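Structures given as structure tokens follow.
The two complexes that follow have chain A in common; it is paired with chain B in the first and with chain C in the second.
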Partner chain A sequence: MHKHVVFNNRVLPYLLLAPQILVTLVFFFWPAGQAIYQSAYIPDPFGLSSQFVGFGNFEFLLRDRYYLASFKTTVVFSTLVTVVSMGAALWLAVMADRVIKGSSAYKTLLVWPYAVAPAVAGVLWLFMFNPNVGLVAWYLKAMGYNWNHVLNGDEAMGLVVVASAWRQISYNFLFFLAGLQAIPRSVIEAAAIDGASFARRFWTIVFPLLSPTTFFLLVVNVVYAFFETFGVIHTITGGGPQQATTILVYKVFSDGFVGQDLGSSAAQSVILLFVVGLLTVVQFRYIERKVHY
Partner chain B sequence: MSGMVEKRGLGIWLTHLGLIIGIAIICFPIYMAFVASTVTQPEIARPPMPLIPGPHLIDNYTAALTRGVNSPVLLMLFNSSVMALGITIGKIVISIISAYAIVYFRFPFRMAFFWMIFLTLMLPVEVRIVPTYEVVAGFGMLNSYTGLILPLVASATATFLFRQFFLTVPDELIEAARVDGAGPVRFFLDILLPMSRTNIAALFVILFIYGWNQYLWPLLITTKPEMNTIVMGIKQMFPSGDDIANWPVIMATTLLAMLPPVAVVIFMQGLFVKGLVESEK
Partner chain C sequence: MAYRKTLAGLVAATMLAGSTTASFAATEIQWWHAFTGRLADLLNEQVEKFNASQSDYVVVASHKGNYSEALNAGIAAFRAGEQPHILQVFEVGTATMMAAKGAIKPVYELMAEAGKPMDQSAYLASVAGYYTTTAGEMLSFPYNSSTPVLYVNSDALQAAGIAPDVDLTTWEKVGEVLDTLKAAGAACPLTTAWQSWVHLETLSAYHDAPFATKENGFAGTDTELTFNGPVQVAHIEAMGQWAKDGKFIYAGRRNESGARFRAGECALFTESSAGYAGVKAEAQFAFEIRPLPYWASVEAAPLNTIIGGASLWVMAGHKAEEYAGVAEFLNFLSSAEIQAKWHQDTGYLPITYAAFDTTKASGFYEANPGTDIAVIQMTGKAPTANSKGLRLGSFDQIRGIIDEELEAVWAGDKSAKDALDTAVERGNQLLRRFEQANR
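So, the complex of A and B:
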């Protein structure tokens, strides 16, 4: 993948690359290096000096009940967001694939939530489920269920999952629909002639043929749930109640900025660096990324 | 295409019905936000709130745009526009020239630079929150447009996209340009840039949405209300303590915050989908 014909110029290519490389060095590599450096120190309470502790911050974190709980919360949260948004999107995509009239109108109506910022999605859902004024909360109460995500950790988790998944449905829908439309009709019609029911055709033919798309979306959704849902959590729950919705990224933020525990926050950043690295490697090594549209 | 696989009769009506119900559920939060932005605060404070829009649309939006809660929403919209356009244009310009250097020149450390850009994919701002804040604070860029924009303008995704595209451009073009005596700058401006316009437009749509929807970064570095962007400013409109939130104004602001990116997606759907699919390759 190289050009055979190129320009010869000693200075120009460096000048062209300079802006990107400068921004990368100053705002990406330098802070990442700082995170690694700070993760080996504990600053004193006055910020005047800091003490070298080696892997001390990591050892502390891996024994910290709250950090381990946050790991578990992140796993539960990402699994739920991925399953809910991919499940709903696949269901809608299968239906949209079946209709011919109006399918582009359906597509338009389903695509726009992707443009809604996670923080805005958070405010929208918070409004409906607000224990004092929320419409859905009020009707739940009228039916005898006392909704209060401010006090109930499970309800808080449910709400941040729904708000996060809601926004991601459109993305998954687009890719699932593209995947479905790429499946040759003849394959499905052959099965229909053999008398296979719709459900049987779906699980034995369509779903396996969709697996590259599904696997690709799986990684994208996990990355989304890990790193892009900060706005949802910050607007709806602020990580509470009792840290029930404090995912890893939220904890880096709250320990670093609210708690001012810089050594621990830096060590958490380093752990997250490994998580992102791992996910990126999975994304590039193991995924057939030929999504047809 | 159509025909024999259960596309007639009752089945197809049930499919339409299912889709309509799905869309209704997905659109419901927006509808409720819209209703809330057209009624008065007491109507919301005494639940259940009305299900049909009231007559106070203009009052609420005027109140939001001109006064807001901490700062006028008009100002927050302006800040968001500056940030989103700055990030979008910055990313496109920086990436297209980097990709040009990597594809059309041979020079020492070419691949090292390429991998450096690639590695930024593994360093989202969410994982280096505190040190990045410290760097920006050290430059005195807190509460400034430069601070909002500059740290976010590097883009591995956009660089890869342009690189992929440049690799598909036939070599004959550059040979012809050379015969005509065009240097690298002329070739880029007169030939490559015009050829890239669809890619630039598709990226513009995706990156504008990305820039507009930034939350964590503006939350960290803007402490003055007059520097708030609209997406992060909504949360700041909620009162601390037991005061009742000014829901009509907050929901009007929420709808204003989603209007520009949603309009971009709806009116430029083709480019949006192209950008989305291409940027994942």
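So, the complex of A and C:
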């Protein structure tokens, strides 16, 4: 005698899963399969002929020191974007959580940047920092600093990081705020009565209790930095100067769509696929253990 | 791959939506181009004129983004079997198009089939040569071609106490003028647009120095870059020194510097002859056009400069009657009247000698001094193997590499020799891949 409801239809579960499976097959497995297939060839742009090269494309890439440098650039860029956007969002969320009067106005304003498309965000920041006509660049010059991200790789990196992180802060802010509001007031008040300072309450109670949110955002932000920042980089630096801001995804685009080298581009997608897979495994196996649910 | 097919599908859908407005009786000719603003207006004017002049064909011009994007749209459309009849491709994409034998219909063949054989001697040799095979067959139709010239802000020279008619024919003389300008406190003595095109590609041709082996790639895809020779290194070294001294101001890879020159901030500016319309419209100061300077120390100089711009490629896979319409349209575009107007309105070169003569006879050059300099630069001397142009695969990307390495020189990170050596090495890798893809 069991209490569970039993469905005897053997087809129904598959039918219910079908839409999701179909979407995954069409939008993930099929393109991924195509990319793997293409990565073994060097085709001409028009698809008129194709040379089988086996692992030749990978060999070419791994011997290209600019491709290897692009890994480093991606690591630096993703780390900075994630740290800056999550750090700033957490700080803003903690502050907004304490505000009593007019809090909804602050919250609304803080969420706005998320509505701005990456390419538009890029152009926005580009106008402010344009070495010729940018307002901020002009102020910096007035203060004696010669801003020129067109030639200076570090400045270019700083600019794309800020522009990418800025947009993501809103998203992170929403989740952090929701996470903060889910923490029982009584716990925090008890600590306050015991004389714990704000900083101490934050690090010993709030931050650990927020860890599921932080972990979720970490995964989302790393993926964002890897893939969705393309628009920002394309509009602000185009990967320059001297490839200082060419992250892996941008190189896939520039080799495939500017250089018409589809074989190399496909091989890069495959490598990227493995990198992201690896990263996700690491995050779930090692970092998730430290999360308190 | 899948993305490209979807993209092509969308492009095709847009095309169909657009075509419903056109007349159904006439055969439709699709023309994809990369022009915006005033150039697009002038292009549309040509199309309207053609459509009004006859009733058999209707040309439909569509803008497909910048040069790189238009080429991509054309390629994606070809893969989906939805290619336009005419595709505007920038000079940098020439080798890519030439290698795609099954995707294009050579213009000389098209015109011969339509009974309007091309008289190639009517076209400026150094323009047509860029799009002609070594066997003398013209593969695409030269549409908009320009060449770099020197723009001079006469007011800025005067402010620094320099006579406006100062000799600027050689880089040596320009160097002296830059010294004076800098000493007088000029913030931007010299700037440039399209650094690779002006200061490496054209420089090489102008001084009869090879840019690549195999006649700059004309004689085969097994070509190797050679722009790290003594002429080029010396020039980039001089420019690097000027950049360090604040005499050469770098503003960007394309024509970002144009805004600064037109605003009156810069004294000297190397830019395409097609920049003329913009400078004339916006400059609030007296300006002058001079021939591109050369190094007097190089004996072969000055030879001819080389072109930039775009040509029209006819895509394969269309019906014979449509090709007849394309031939009709190209014939219309190459008429002296249309070409002369195009040349005078835009600063692009007239592609035929007849258009040059028409313009000369109309008194345009007297009224607009300096507008004939580009033509004279292109036609003054017979082109050599080093100066008839470049035909290199993946050249859009190679230009990107050159831009990066030059930026390293302007920033003071690398010596001219180092930067050019690296650019050659990186560029050669891409040439080898191109060779492999088009074997």
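Operating definition for what follows: the second predicted complex is superposed on the first by the 235 of 293 C-alpha atoms of A that agree within 3 Å, B and C clash if a C-alpha of one lies under 4 Å from a C-alpha of the other, contacts with A are read in each partner's own complex, and residues count from 1 in each chain.
Criterion: contacts are C-beta pairs under 8 Å (C-beta built on N, C-alpha and C of every residue); 3 or more make two chains touch, one makes a residue touch a chain.
Computed from a predicted model, the values in this text were never measured in an experiment.
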item	value
First, second, both or neither for A:233, with chain B first and chain C second	neither
Partner chain in contact with A:66 - chain B first, chain C second, else both or neither	second
Partner chain(s) touched by A:219 [first = chain B, second = chain C, both, neither]	neither
Which superposed partner A:123 touches (first chain B, second chain C, both, neither)	first
Partner chain in contact with A:51 - chain B first, chain C second, else both or neither	second
Touched partner set for A:38, first chain B, second chain C, both or neither	both
Which of chain B and chain C A:30 touches, first, second, both or neither	both
First (chain B), second (chain C), both or neither touched by A:249	first
Between chain B and chain C, more extensive residue contact with chain A	B
Touched partner set for A:257, first chain B, second chain C, both or neither	both
Common interface positions of chain A, toward chain B and toward chain C	30-31, 34-35, 38, 132-133, 257, 262, 266
Residues of chain C that touch chain A when the two form their complex	1-3, 68, 72, 75, 78-79, 96, 99-103, 250-253, 256, 259-260, 394, 396-397, 400, 403-405, 407-408, 410-411, 413, 426, 429-430, 433, 436-439
Chain A residues touching chain C - in the complex, by the definition given at the top	30-31, 34-35, 38, 42-49, 51, 53, 60, 64, 66, 131-133, 150-152, 238, 240-243, 254-255, 257-264, 266
Contact footprint of chain A on chain B as seen in their complex	1-2, 4-7, 11-12, 15-16, 18-19, 22-23, 26-30, 32-33, 36, 44-45, 47-49, 51, 93-95, 97-98, 100-107, 110, 113, 116-117, 119-124, 126-136, 150-151, 153-155, 159, 166-167, 171, 174-175, 178, 183-185, 187, 209, 212-216, 219-220, 231-232, 234-235, 244, 247, 250-251, 254, 257-258, 261-262, 264-266, 269, 272-273, 276-277, 280-281
Residues on chain A engaged by chain B in the complex (per definition of touch)	1, 3-10, 12-14, 16-17, 19-21, 23-24, 26-32, 34-35, 38, 88, 91-92, 95-96, 98-100, 102, 106-121, 123-125, 127-128, 132-135, 137-139, 166, 169, 171, 174, 178, 185, 188-189, 192, 198, 216, 220, 227-228, 230-231, 234-235, 249, 252-253, 256-257, 262, 265-266, 269, 272-273, 276-277, 280, 289, 291, 293
